[in-house]
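Chains here go by letter, A, B, C and D, matching the order in which they are written, and residues are numbered from 1 within each.
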Amino acid sequence: MIILFNLFYQFGDALSFLLLAAIGLAVIFGMMKIINLAHGEFITIGAYGTVVSAKILKLPLPIAMAVGVLVTVIFGYILERIIIRHLYGRPLDSVVATWGISLIVSQSFLVIFGPSFEGLQTPLSNFQLGAYSYSQYRLLLILISISILILLYILFLKSNFGTLARATIENPKIASTLGVKVDKVYTVTFCIGSALAGLTGAIYAPTMTIVPSIGQAFIVSAFVTVVTAGASPFIGLIPAASFLSLIQTSVTFYYHATIGVLALLFSVILIIRFLPKGFSGLLIKLKK
Amino acid sequence: MLKKDNIFTISVFIVLLIIPILFDDFYINNISYFMIWTFISLGLALIWGMGGILSFGQTAFFGLAGYSFAIISINFSDIYAVGIWSPILALAITAIFGAIVGYFLFYGGIYDVFIGIVTLAITLVLETFMAQTAGPEWTVGNARLNGFNGMQGMPPIGIKIGEYKFDLQGIGQYYFIVFLAMFLLWLLYKIKKSNFGLILLASKEDRTRVESLGHNVKKIQMITFSLSALLAGVSGILYTNWGGYITPSSMGLIASAMPVIWVAASGKNDFFSVFFGCILLVYISQTLAVNGAQYAIILMGLILVIVTRYFPEGIILMLKKLLTNKFLSKK
Amino acid sequence: MKNQILKIESISAGYETAIVVNSFSYSINQGEILAITGRNGVGKTTLLRAIMGIIPIKSGNLLFNDENITKKTSSERSMLGMSYVPQGREIFTSLSVEENILLPILVRNKVNLKDKLNEIYKFFPILEEKKKSPGGSLSGGQQQQLAIARALVSNPKVILLDEPSEGIQPSIVKFIGEIVQKISTTLKTTFIIVEQNISFISQLNTDCLVVDKGRILSKISSSELRDVEKARKLLSLES
Amino acid sequence: MKKKILSSFLVSLFMLFGSFASAQTIKLGILEDQTGNFAIAVVPKIHAYEMAVKEINAKGGVLGRKLEIVRYDTQSDNTRFQEFARRLIEKDKVDVIFGAFSSASREAIRPIIDKARMLYFYNNQYEGGVCDANVFVTGAVPEQQFSTLVPWMMEKYGKKVYTIAADYNFGQISAEWVRNIVKQNGGTMVGEEFIPLDVSQFSQTIQKIQAAKPDVLMTLLVGAKQASFYEQQAAAGLKIPMATSVNVGQAYEHKRFKPPALENMYVTVNYIEEVHDVIKSGEFHDKSKDFMKRFKALYPKEPYVNMEAANAYNAINLYVKGVAKAGSTDKVKVRRALETGISFDGPSGVVKIDPKSHHGSHNIFLVRVAKDHKVEIPKVWKDIQPYWLGQAGCDLTKKDDFSQYTPSKPPTK
């Protein structure tokens, strides 16, 4: 029983990390085909927004987290207006620009806040089960990550905005001839992606060392998950993240963390080899 | 014969050829270092600019070649006996590995951004693997892989012509790189103009159409990919030779983004622009690091953003076109 | 003098350096159907795209209801009352049929969605049957109907139709022709139809412009067009 | 009158020329990561170099020559280390190079340094084993940090030890040291896990540790990502005494992390700024207090003065003593002078160069982090020698070598 719970906890923890790491990127890449190499820095902004407002403005943690998200959205909005919008339809050029942005942001954080910032304490407490003890907050993270994904699913697949967004993404020119303000849809979608990245930073801020490179801890996991999820990230994200975290946790369980990381990367290579369109491609095929 | 397009290429190479007469060791070695990175960039320009395929993991081949070269040279202590064969063997390994990866990618039906991520995953696997080879069990012959700290102690490439022996270092290394660059640029232009190159360019626009004309696009892409791996390998070997050192972090995430940035910012559709732009960008980045302290990285970032925002074709290519037009109109 | 809904005043448009539409001028009255024909690559599609604002107009003016819309985006033109059915349909394959139809309404002031849908389904009963299916699963003819329905739902004053008969079986072509005629007479909607299928054009009560090299070569009246054989001869002579 | 002016002009010109000749400075090249991942621990080091140079110059320099620093920011990037090492040697023509934080960056420049026969001081705690004719090390090594720490922990808490270590050279070699020492002292390793540098999530590692029930947890973790382990183990309620050779003494995690993330963490260091606060009197108190007073006068905003700052300060002073003894800045002469066993009485007492291995001896402080992250020093080991390399067969006074060795791959005798 304890072993079962233990496995569930380990798997859920890895899953929520992959999901939250990927989710903002999934929106921006999946919807707009912008390869956002600054994704990690969006997470950094969310984390710093949270920590700074909790430490300096003394805000309670949930509000501080909201501030973190808000700051990231504002940043995303400005960025989209002045740079990103000129890159639509040039997905590979977006690599260079967003890499530049990532350099600017992480280095600015170093200049402004110094190499490190005193962190927050993980909220809630821990509980004991047999020989093991668990952090309640991390258990909550599993719930949070899955509910965010469900909300996102509803937003993009069931709401009016979702219809506009999907149409715009599929064929912006035609959407425009039907009266859709394509610019606005892009801006809003980019802001949603930014918000989600910021949220990831806000949520993980109390559990990690606060340094200007904090966001980079997420970036490989994020890209790997988004790509195995495939062209339609909302369908593919959960199966992709589940599969990858299952591989990683079980290999780490039997061997150790390095082999776990290698297994994760290897399975990405194999998944794409045998499912060139990722998990969403597979699901769409099965549905037909 | 002298086309207007070649004026810049020729003048840049003339400058490169006379630099050693005017400057001392430091500049010779430093410019050699800048030029080392051009080959991996040219390889990327080949597969990305001509083939329309963005590989994010060219550094896997860079590292593989560097490590192969290091292992071979350490195991053969008489460098003049092995001579040029140790880099050639390393390049062969790299090209074969590139062909295997290419086969895996193109015959597996992997396209677009997925190729970028698969190649990125490959380079990260290599990095993670090599980083944990610090233990004594990780030796190949006499060569310790030495984990994250990197391999060192490999002798430079030794060349023996008759009785005359010299190491590929300093001014010899410099001229070797310049001539190699000239040769490879010429070769790349030939490829671009060849039938092979035309099919590749066409397949970038419409793969299925080219296939329906009876060309084996997959094979062409695989060969191109292997060639680009080979070029990345040239950089890897030269880098290892230059510093006597190769490290897993040269296959890491940051290292793998650099060629993409150099190529995109310079102008991925023109080999000479990539060659020159790459040198310029490595130089700028070093100069900023020397002078700008903590603002160096911010400035580098700004340059990249501005270039992509305002010079979508690549800044060097734009400048080249601009100058060419002016040149021509005066004549 | 009838109300001129669309005035094209010496428009030039094209791609990068090539000018495809060359000082094209014409005025269309409200409720009129205008057909445009010509060989492949003479600038017919480009003209429609320039009118809709998908590609920029390089010189000249475009007036819609006497308002200069040369610089407006395609989204703004749509809001003013223009609609576009592109060549190859270009329906949203990942959206359901109903989502495809509703899309233009979602960005406009509130209308009763249900009434509007029923109105459309009356014209195109097949779409009601398939309303939950993804757009990509429809046949070519069904997709064409969906594309017209999608253009119609916003109550436009002008609809631009690009090669509506291309790759569609004759019975559906005929059906589409009837619908166009019906909409034109009941709703006083103006149509500009680019078409190479003469029997389709002759089915409509319309004048036809023959275009070559981005300019008007000649104009064939609706009466001349009614005799399909004669029209074909006229057109083939000219082209 | 005219004559007088002319002669005074000539005299002053002569003096100018003379002073120019004698004022030719000794150039010290410094390569440190002012920016990037390691900046946290490195900035105090840079200031310590500057302080040592200022102090020595205030006393008139050495051999009548002033010291001059030529410094580049290596941005925590190995390729920058290579570029700038060459720049220092070939362009700036420095007399000696100091610097590098990570072992990888040290290894990146060692081939360049060896080829140029440059003199180089590596002033960082590391995994040990560098036996290189041109390299001197002022940082602490495993035999100084683990031979003291591990037996002490086992005696106090029990003989079952679990190691988690960064999966690269430092972690692997340090883990090997721990393993050997645990065995020699009759203990058992109940687990060992190596973790890639990029990992920042530790739930699974924490569960594995709990399953093994160790008495002591060795945390040989490196870098900001892995440092997240401490907050996560505290949140999970792990509560096992931890011991390490890297934290606190380098990147002052006890000051940066929210208490009680590092509660009950033990570290062996050769210096930290709290020494004189904790040890209330005696030699260590006085030296540390004096050092900190001078340091804070120059750099009042310094967040923390870590052991690497002390090592950097010692390195410059040791070099200068070597130059004074050699009577020249000739690299071979200075090296031979340093090999006579030169010592310097620094912030934490005497550091003496071991002639065979070129490493420094140290006084080692055992630091314990309390629940509120205040520091205690339960024990001090005096004058611990860097004995291993010399015993294993590295003798640079007799034979040149340019290698790095590990306990399982010692020098071939």
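Just so we're on the same page, a residue touches a chain if its C-beta (ideal position, glycine included) is under 8 Å from a C-beta of that chain, and two chains touch if they have at least 3 such contacts.
Just so we're clear, the structure is a prediction, and the values are computed from it rather than from any experiment.
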Notebook entry, point to check: Given the touch definition stated above, what is the smallest step count connecting chain A to chain B?
Noted result: 1
Checklist line | Between the pairs B-D and A-C, the one where more C-beta pairs touch | finding: B-D
Checklist line | Whole-Å gap between the CA centroids of chain B and chain D | finding: 36
Check: Cα centroid separation between chain A and chain C, in whole Å?
Finding: 43
Check: Taking each chain's centre as the mean position of its Cα atoms, how many Å separate chain B from chain C?
Finding: 51
Next item on the list: Averaging only over C-alpha atoms, locate the centres of chain C and chain D and give their separation in whole Å.
Entry: 77
Check: Which chain A residues sit where two or more other chains touch them?
Finding: 107, 110, 216, 220, 258, 261
Notebook entry, point to check: If you look at chain D, which of its residues touch at least two other chains?
Noted result: 35, 167, 194, 196, 198
Note to self: By the touch rule stated above, which residues of chain B touch at least two different other chains?
What the structure shows: 128, 132, 294, 297
Note to self: Under the stated touch criterion, can you name all the chain pairs that qualify?
What the structure shows: A-B, A-C, A-D, B-D
Margin query: Taking the touch rule as given, give the residues of chain A at its contact with chain B in the complex, in rising order.
Written below: 29, 33, 35, 37, 83, 86-87, 90-97, 99-104, 106-108, 110-111, 216, 219-220, 223-224, 227, 258, 261-262, 265-266, 268-269, 272-274, 276, 278
Check: In their shared complex, at which residues does chain B touch chain D?
Finding: 24-26, 29-30, 33, 128, 131-132, 134-136, 144, 146-150, 152-153, 242-245, 247, 249-250, 286, 289-290, 293-294, 296-297
Checklist line | Residues on chain A engaged by chain D in the complex (per definition of touch) | finding: 6, 9-10, 13-14, 17, 107, 110, 114-122, 125-126, 128, 131-135, 137-138, 206-209, 211, 213-214, 216-217, 220, 249, 252-253, 256-258, 261
Next item on the list: Going by the contact rule at the top, pick out the chain A residues touching chain C in the complex.
Entry: 160, 163-164, 166-167, 170-171, 173-182, 232
Checklist line | Complex contact set, residues of chain C against chain A | finding: 52-54, 73-75, 77-79, 82-84, 86, 90, 92-95, 99-100, 102-104, 106-108, 150-151, 154
